[in-house]
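In the two complexes below, chain A is the common chain; its partner is chain B in one and chain C in the other.
And then the complex of A and B:
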């Protein structure tokens, strides 16, 4: 499974996992799972449309995911963002349905946009993926502290001169970029799994933002590598393994956290008499 | 203007769609002093604080922070918002949140220096938060979170600290602790503290000055100057009595008056 044609799969998988781990950390922190679901799923319609008029699917994905990100960012102020996100999703799906009905030939390609075809990634696909990955990771690195503060306390951020709305829109644009690069490789459903499972699991293993972000990348890498290996051996879809492994990681993380909190509770019970004794 | 003034609010008015929220409000906050912004819910306290922060446009008047016209995001201002809801699963310890107060608006990563770590440590000690400094901030109690938020605001060494209803939703013991902490901090850091509350009794022991707000209009001065029947009657536009009992103050309107707005902060409880 380390044969020449698999080299691209390992490389693409590694890049995608790093991006999903980094961007996903803030998806989970900001409670943006719904946009992270809506943008890739809606954007696949753009790929379908691009294919129909003979363009590179990446162009269609990029246009649709950016439009969705800007729409959700501008219209979706606090409280209304769920409805706006849902409407962005259904509008794009409706367009996708219309575009698909005009085409007769490429059902396998649609399947691969939804579920990915990582084992068939070509060298020419790797370069745009790598460029967009660098852009996404750099953007998150630059915005790191602003993202942290606006995620946790938007009022404080606003008082400090950081506009939460602007940071929010910038983050959605990064989300759109990472969607554009990852959907052709791992599919719309898979990228969503990879952006939620590993970061949510990593939060259980560290109390600090930096290590939790690093852990998110590590777990995403382990998940995707293991999924590629298993998929190669068993011929089952990569997506199946990514979904199952992500959920397993999360389960392990919760169990670890519960056992740790249990220990803490026991310790504080033991300490309590001393504390009251000193009063 | 007083030379110790860090905040000057002069004849400020704010209207929302024709309705006056703040009407010709003037007062000042001085360095090292504790000022209470007292009024029941909906009288414009949050609007006033947002105007001072530069987040709310004012229709008339002027607001100066340390002598200069205010601008959004000025470092001379520290802010503790009304409600911070933190998810207990967020991977951030109390000390990480305090450290974020140093440089949250900077771009990129930098490793924090030894001096910065020492500063965070000292700030945690100063707000009595050392004990829970390594716990996740979302899992802390309301009073503990308030301490962390105060440390986050103070660490950038502001000259004015604004707190929007920090005592709401706290148990009485925590209220006492937070009030004592803020009083001490005002003196230690020579920062002007402006705290909004709908109930003044908890603040009476420490409050140097009061801004009493009702229906968008304000009376300000020392507690003795303002919390008097004549002054408050004029402010309310009808007669109210100020009753002092066991070191507490109650503001009561004559029977038959619609005194819903007064009842709330007079804290008249039958017990």
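And then the complex of A and C:
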């Protein structure tokens, strides 16, 4: 399992899980699960198109995910943002279907773009992934306070002159960037799963942003490591294990929350109102 | 005429099936879609197509009827979302996301096992995109039956659903069980989405569910008008899309046509973009007969109900 050819899988998995844990924390906090699903899913059409005209799939992924992020960000302001996200997604998927219909060999490539091929990551693939990971985490670090403020205390954010729509669009661009790097490695579906289950579970364990963010990264790492190990042993796809494990984590988180609430109710009849700034 | 309809358009059996099935899917998607968009459940509406697709891939693997796989998985997924929590906006997002994660995990497994069991090419493509032209005509009676069922249930829950979407407090004051109406709607949505995914593919299912509804709701605030406009938009886009896709086989020398989903989605997107042009919206507002009257009427009904409630 720790043989030389697996080193790339562990390394790539670790990078992807850290980014998914960090970016996913804000996806859950901001209720941006639909864009987090739509951008990687639609962007795979860009990879298909790039393949068709002989470009690097990363270019196609980057162009499509950025276009999706900007489209959702700008059109979503004036309309219902979830309907706009759905329209952006189907537009990209339909374009992808049109591009695929013009080529003959697509089947294994579609499967790997959607479900990933983490066990077959090459060293040359890791370098762009690592660079984009650093970019994403740095961007989140720079936006950290503004992201928290606009998600948790919109009034305070407005009073301080933070423009929520600008923050929103910048966050979508970070999401697009993390998508571009992760889709070739783990696939469109898997990155979404890692951005939802672990952060949602982490939020059950802690009310405070710092520990919840840390927990999100730790749970994402544990989930992906365990999934890689199981996939190696059984030969079943990594995506299957990631889906089941993340949902299990969330279930554990909800159970913990329920048990703590039960205990609180018995020890103190009056529960202190949640302070502003906590989750 | 010949220029518009390439030879054999009307005599081709797959085209006829596509026109009928497509129109049917467009109608139920429009009816359910308006409520979906108003309630802000577009994500769930889309996620259920992926859940249904996962069921379809499972059915493909185990050899049970795909109809059972699509509808069964969709209904199960909708129930699971409701259990996790569909009432509040934030938990709704997570509930949908978690169910979608598990479903795509299983889709990955089933597609992998399918591929290792038999060398059927095109399974992934077929299951993920679907095609209106390859629909098996033996499922047409089931599709019609389930569509009728969906329309009946929507008719029954229409008023309480609408009221609970617009004002939850008012609805519960009137004795409407919000949770039960919400669950009933989710199950109806699952069936409608399952039917349209199996009939026209998952991409078109979401496109026809959200696109026409979002477009019509930009043009009118009256629910009945919105549903009529959505149905018209959906059916026209579907038929025109089928026609263009059929014709497109003759456009390129490679005689490799473009997929029907591409044309239908392009038309739906065009309609949505056009409906956002201010001049068009003003025109729609002026030309809708009785719109103002009906809106005022509905507003006074709400006011009356509010006074009854207090």
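Heads up, the rule we're going with is that the second predicted complex is superposed on the first by the 265 of 279 C-alpha atoms of A that agree within 3 Å, B and C clash if a C-alpha of one lies under 4 Å from a C-alpha of the other, contacts with A are read in each partner's own complex, and residues count from 1 in each chain.
Following the convention adopted for this analysis, a contact is a pair of C-beta atoms (placed from the backbone, for glycine too) under 8 Å apart; a residue touches a chain by one contact, two chains touch by 3 or more.
Since we're looking at a predicted model, the values are computed, not measured.
Superposition of the two complexes onto chain A shows chain B and chain C fitting side by side, with no clash.
By the document's definition of touching, neither partner reaches A:57: not chain B, not chain C. Comparing chain B with chain C, more residues of chain A are touched by C.
Touch criterion met: A:162 reaches chain B, while chain C stays clear of it. Of the two partner chains, chain C is the only one touched by A:250; chain B is not.
Of the two partner chains placed around the shared chain by superposition, chain C is the only one that A:87 touches, whereas chain B remains out of contact.
Shared-chain residue A:212: touches chain B; no touch with chain C.
Once chain A of one complex is fitted onto chain A of the other, the partner contacts of A:114 are limited to chain C, with no touch recorded for chain B. In the superposed pair of complexes, A:149 makes contact with chain B only, with no contact to chain C. By the touch criterion stated above, A:73 is placed in contact with neither chain B nor chain C.
Taken over all C-alpha pairs, chain B and chain C come no nearer than 6 Å in the superposed arrangement. In the superposition on the C-alpha atoms of chain A, no part of chain A is touched by chain B in one complex and by chain C in the other.
Partner chain A is touched in their complex by these residues of chain C: 37, 40-43, 45-47, 84, 89-90, 93-94, 96-98, 100-109, 111-112, 115, 121-122, 124-125, 128-129, 203-204, 206-207, 209-211, 213-214, 217-218, 254, 256-259, 261-262, 264-266, 268-269, 272, 276. Residues of chain B that touch chain A in their complex: 53, 55, 72-74, 77, 79-82, 84, 86, 89-93, 96-97, 100, 103-109, 134-137, 149, 152-153, 162.
Chain A meets chain C in the complex at residues 28, 31-34, 36-37, 78-80, 82-87, 89-91, 93-95, 97-98, 100-102, 106-107, 110-111, 114-115, 189-190, 192-193, 196-197, 200, 236-237, 239-244, 246-247, 250, 254.
In the complex of the two chains, the chain A residues touching chain B come out as 29, 141-146, 148-149, 152-153, 155-162, 202-204, 206-209, 211-212.
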